[in-house]
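Since the structure comes first, as structure tokens, the remarks are kept for the end.
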Amino acid sequence: MSTRLDGRKKDDLRPIKIELGVVKSAAGSCYLEWGKNTVVATVHGPRPMFPKHLSNSQRAVVDYRYRMAPFSVSDRKSPVPGKRDKEISLVSGFALESVIMTEKFPNTVIDVNALILSADAGTRVAALTAASLACADAGLPMKGLVSAVAVGRANGDLIYDLTKEEEDAPDAVDTAIAITMPQKEIALLQMDGFVNKDDWKKMVSMGFSAAEKVYELQKKALLEKYPVNGDINE
Amino acid sequence: MSDILNLINAGSIKEKIKNGKREDNRGFEDFRDLEIKTSVLSSADGSAWVKLGNTEVVAGIKFAVGTPYPDSPDEGSMSLNLELTGISSPDFSTGPPQIDSLEYGRVADRAIRSAEAIDFKKLSIVAGEKVFTIFIDCIAINADGNLIDATEIAALAALKNAKIPKLDENNNIISKEYTDQKLELLNIPLSFTFEKIEGKIIVDPTEAEEFASDARFSLGLVKDTVVSCQKSKNGVFTEEEIFKMIDLSVNKYTEIVKKIEALE
Amino acid sequence: MSTRLDGRKKDDLRPIKIELGVVKSAAGSCYLEWGKNTVVATVHGPRPMFPKHLSNSQRAVVDYRYRMAPFSVSDRKSPVPGKRDKEISLVSGFALESVIMTEKFPNTVIDVNALILSADAGTRVAALTAASLACADAGLPMKGLVSAVAVGRANGDLIYDLTKEEEDAPDAVDTAIAITMPQKEIALLQMDGFVNKDDWKKMVSMGFSAAEKVYELQKKALLEKYPVNGDINE
Amino acid sequence: MSDILNLINAGSIKEKIKNGKREDNRGFEDFRDLEIKTSVLSSADGSAWVKLGNTEVVAGIKFAVGTPYPDSPDEGSMSLNLELTGISSPDFSTGPPQIDSLEYGRVADRAIRSAEAIDFKKLSIVAGEKVFTIFIDCIAINADGNLIDATEIAALAALKNAKIPKLDENNNIISKEYTDQKLELLNIPLSFTFEKIEGKIIVDPTEAEEFASDARFSLGLVKDTVVSCQKSKNGVFTEEEIFKMIDLSVNKYTEIVKKIEALE
Amino acid sequence: MSTRLDGRKKDDLRPIKIELGVVKSAAGSCYLEWGKNTVVATVHGPRPMFPKHLSNSQRAVVDYRYRMAPFSVSDRKSPVPGKRDKEISLVSGFALESVIMTEKFPNTVIDVNALILSADAGTRVAALTAASLACADAGLPMKGLVSAVAVGRANGDLIYDLTKEEEDAPDAVDTAIAITMPQKEIALLQMDGFVNKDDWKKMVSMGFSAAEKVYELQKKALLEKYPVNGDINE
Amino acid sequence: MSDILNLINAGSIKEKIKNGKREDNRGFEDFRDLEIKTSVLSSADGSAWVKLGNTEVVAGIKFAVGTPYPDSPDEGSMSLNLELTGISSPDFSTGPPQIDSLEYGRVADRAIRSAEAIDFKKLSIVAGEKVFTIFIDCIAINADGNLIDATEIAALAALKNAKIPKLDENNNIISKEYTDQKLELLNIPLSFTFEKIEGKIIVDPTEAEEFASDARFSLGLVKDTVVSCQKSKNGVFTEEEIFKMIDLSVNKYTEIVKKIEALE
């Protein structure tokens, strides 16, 4: 097995550092470094939703906002969210709704914000991983966590957790995947590339194992802050 | 159909699906009738009108001359835009910014890009200075479900139908005059969208079925090659379900691509 | 009498093809080809109007949207409606309100959309003619139809139904007119040009006769789809 | 005045009109007092302040240097904009996008264009490269009806008042310095707006009369030449009514154009 | 003491001309010329505020809009309000709220618009001075007037009421100040420049005396139109 | 914290202030703990993370190459932008356009400009053609009061931390490569914001204190030189209060500027 530019093996993740409760006034928050990505996620609410005709009488709505700070990328990015930001926000919010017991808070909105302060590939999964922890930190009733990770192909290899350099390879394929844990179901799956069916299936399966690594780190961070006996998902 | 009626309807659709039936009696893996007409509009450089059951999408192509991006000075570009306006549904006349329109359009756009369907180098006019931009504008005329797949088909059919405009000595487009060349498509990506209702997976959903479902998955394919995918809505899929959907899509690809290949 | 570029006589309309009920999920719809113009019009509603303070407690409001597809003209048009689109939408909506019995649906809005898919002069009258038929197809209670047509001047002649080429003549005058039928009153009248008072009066009168030709085609299309005995306006 | 008061008011206005009277005792064919002041603002290249009864509109002209349109490389251009803001009516502080402002401005703009009031060729600075654009900004100070006619008069008076700026060696405008030339007007189009209330036609409506009416007609004229027209609102007119309005407008034209021709 | 370009002494204001009630349909209005500045201010309301959740249950809100006409400055200004316009509108509205007895009109909004028709430095204080008079003209219950004026430094001198030419001096400092009268408290204070603490204090004190001159002119204009016995502030 | 809770809270805060106490037991003239970290972000050309009590603001610097303004052809420019988004407070997720964000950003921006902190002439690349623009983007991570002062500190710390990018032969920025030069700051302006509650003046307010106050004053200082000021909210100040606030600010300046001067 060849090693990668940064010395990792195919199935190594970049170093991940998690800090919970960093933002004092938020209901829940998470600071996360993932390689050279830096993310802050906060949770506010649930609060009553205005205007009322947009609310859901059966459950809470998660209003997820993925945003990149203007200084997070090479060329300054306009602070106005673009199409990509809105699309990522939509599907990531859905992923969170799949684990939050939204039915307990009908007619409300839960504001989840994930801000990329520094970007180096894999920002959407770093943001979602952090946001899931911020929801747990906020004490929202949850069926589980969302563990998100990127898997893909670069220079002929199927690998975990691509860097920006690897994403720029001519044959690069990038798949963002989020798994509900411990249920192990797919809550988010987005991909662009050109890859045959069998390799693509392999990548999806790799996504499950990679997400478990993320999940272990998430659990560890939660247990450090909330060292209760028993299952964190209760 | 109004949201309220859809909500009432959703219960009966779920009940049917549980019993192995769909509201229009299709099998879970059956597409609705697909009809594609091209060259339908005299003003566009290429056009297609797609009917997928009651869902209708019109796509029109316009070439424009622009400047290339600094990082690809000898390549043209494309832009796909999907409009969901009041013409297709009263739901689109009001309400918040059209996130559906944005998502569907992005999914359709990404498949064409990843598939490298268009040879952007052939759209260069003067390297570093002038290139063609291809605008693919898709408009839903009737929104009865599965707009992603219908949009993808309409976009590809219109691209296949497109003629390349003549240029004058200043490299500006001469209105309504065309070269003999047609726009060549290197690959024909298709989209396959599934909904999960009561644990069952169905293809080509109607609007009412979409309302009854809580998980959606769209795959972009070129034959047996995956070029894009998107999971949406707040439900989840198992690994097996995902694998089943890709196998099913690969099987369907040949059937549908034939209809596009047969077009002028 | 000289013939025109496309062989028509001064008081000939271009060929008009009408198809009703083409859009299955709309309450009413009409596909219309008028020379090289292609239009689709749909009607949805009436539905309760939001926000409520914009509704009218005495009657329904017709929300008419005239739009040109980006690919309908020579140079791609931005999908964002411009000033011209909004002005045409406003006065065309008024014209429809003059024949729809809006007083039967207080506090509601009737959504009427007319989309130009291909354009060759006279799009606003083609759109309004199609929209009037879509309203009838929707079974809205109506006092009559709106029959719209352009009349004008090109190369010295007062003529019916100008093409784009004729509109580009140096002395061109274009008058869009819509007549309520069978009442024969003016529901829309828009004109730009430079024409003396007497010729202008002649043009308005020509508008009435031209509109009758449109009305005959409208009636024929409705009677084909709804072959009831008696008056279509009941 | 609030919409509610207008609604209550409309009944009594209709009653009066039926009996041949207007709220301010004018005849049906009488304009309100018209007062035009020019050179009212030191910062504008031309300006006018128009009072038509209580309705007040200020117009200011600004020349700017820009590039010509590709299809008319040796012609300048103009842009007329009407602002209806909270300063003239609390109704304009809130509510939906200002369709009234757009319509009134378009009607006023189209009359000036069709009348070929400005010789755009004389606004060319360097053919194909630099031309003058004339911005005509009109702002309603008091909105008491008939804003279209008041805007048209204010725009024309300000244009007649406009001085052409001096240019430096790079063809940029030198602030507050002017050539000896005045902007020449080839034609003076005027607008005549009518409302139909209880079957009667009145000119120069007040805001309250506008509220009581359901059909409006505006004609743009140069002497006895029609340059534009616009029927608005959901009422209708007969052919005879239209003909009557044009005859009446032609008669009124001379009276009003004199006031503009007399201006500096 | 050196004289200024326009012949004024350091503590002279430019000529101020005030006309009340000029806009017939407004509740209150004021036309004001201040040197080469021309301003019209109108007051409408109070009226119920929509949407309701933006209203204040304890008092009226003053919605102040400072705007510059496109033709009021050298290069045509876009009619879309910029950041500067919005900031000035905010703090000027606060200044008016400090003298209007807003507590008498809970849940309402008072629309105050000030339009600069011609500009030559000091527009925000001219606008606020006019707006304060328009509020009085509207008969709003007030604790006093707001008298606004600019003081500053140009060419080494601390002076009253700078012109545009003086504002362009290399050492120019411009301080906009609004004083509540007769209470003599600071309702608005905005400054940009570079000035030592002691000179800055001097400028603030100068602002009080300059504002008194403005106040005298305001009182005179009000007493001319409303020649009642007794205090105008009652 | 929601507005309702703030409203309830305001009463108790006022009561305490009357009795000479603050909710967190600080003296009226005491700042909260200030912590400044720089070089916190690998992607920015300079960055700082400021904690002022619970209030947190991140600032990031980006250089860009642009064209100079016509009236200062040999000078670069700067743009400071403050974002108040849902990440720092649910109040910022909804509601009307963010006037607070605009005001705070303008106050912070004006102080840097008036202080002539940056030598814009040194940002010229090719006179009249290419200059650097410095974007200072500030984002509130936690909004617990006194965002103006926290933003000003974050902006200055990030500027002090900024490295000047290398340029290629076409004078375009080479990503992630820097010259040895640091951006030189000629002056370090600081902002001091006061609130008046029950007639008392306090510095460095918390969000709850801001809600209880009806008059705010912000001063921009370089040592004992005033570079900007802004009075806000509908309360008023006496001359004496204004003088007291400036004297107090001058005293505090040295203490806080030390923390910025000590930074890398």
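Per-chain residue numbering starts at 1, and chain names A, B, C, D, E and F are given in the order in which the chains are listed.
One rule holds in what follows: contacts are C-beta pairs under 8 Å (C-beta built on N, C-alpha and C of every residue); 3 or more make two chains touch, one makes a residue touch a chain.
The shown structure was predicted, so the numbers you read here are calculated from the model rather than taken from an experiment.
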Chain labels contacting chain C and also chain F: none
Remotest chain, chain C as reference, centres from CA atoms: F
Furthest chain, CA centroid comparison against chain E: B
Chain centre separation (chain A, chain F; CA means) in Å: 31
Between chain C and chain A, distance of the C-alpha-averaged centres to the nearest whole Å: 52
Rounded Å distance between chain A and chain B, as computed from the means of their C-alpha atoms: 28
For chain C, residues contacting two or more additional chains: 50
Pairwise touch network: line, ring, star, complete, or other: ring
Cyclic ordering of chains (reference chain B, direction chain C): B, C, D, E, F, A
Partner chain E, residues of chain D touching it in the complex: 1-2, 40-45, 47, 54, 56, 58, 60-62, 64, 81, 83, 85-90, 93-94, 135, 137, 139, 141-144, 175-176, 207
Touch list for chain F against partner chain E, complex: 95-96, 99, 102-103, 106, 110, 113-116, 217, 222, 224-239, 242-243, 246-247, 250
Contact set on chain A toward chain F in their complex: 23-26, 36, 38, 40-42, 44-45, 47, 50, 63, 65, 67, 69-76, 79, 111, 113-115, 117-120
Residue ranges of chain E touching chain F (in the complex, touch as defined): 54, 83-84, 86-87, 90-91, 94-95, 97-98, 175, 180, 183-197, 200-201, 204-205, 208
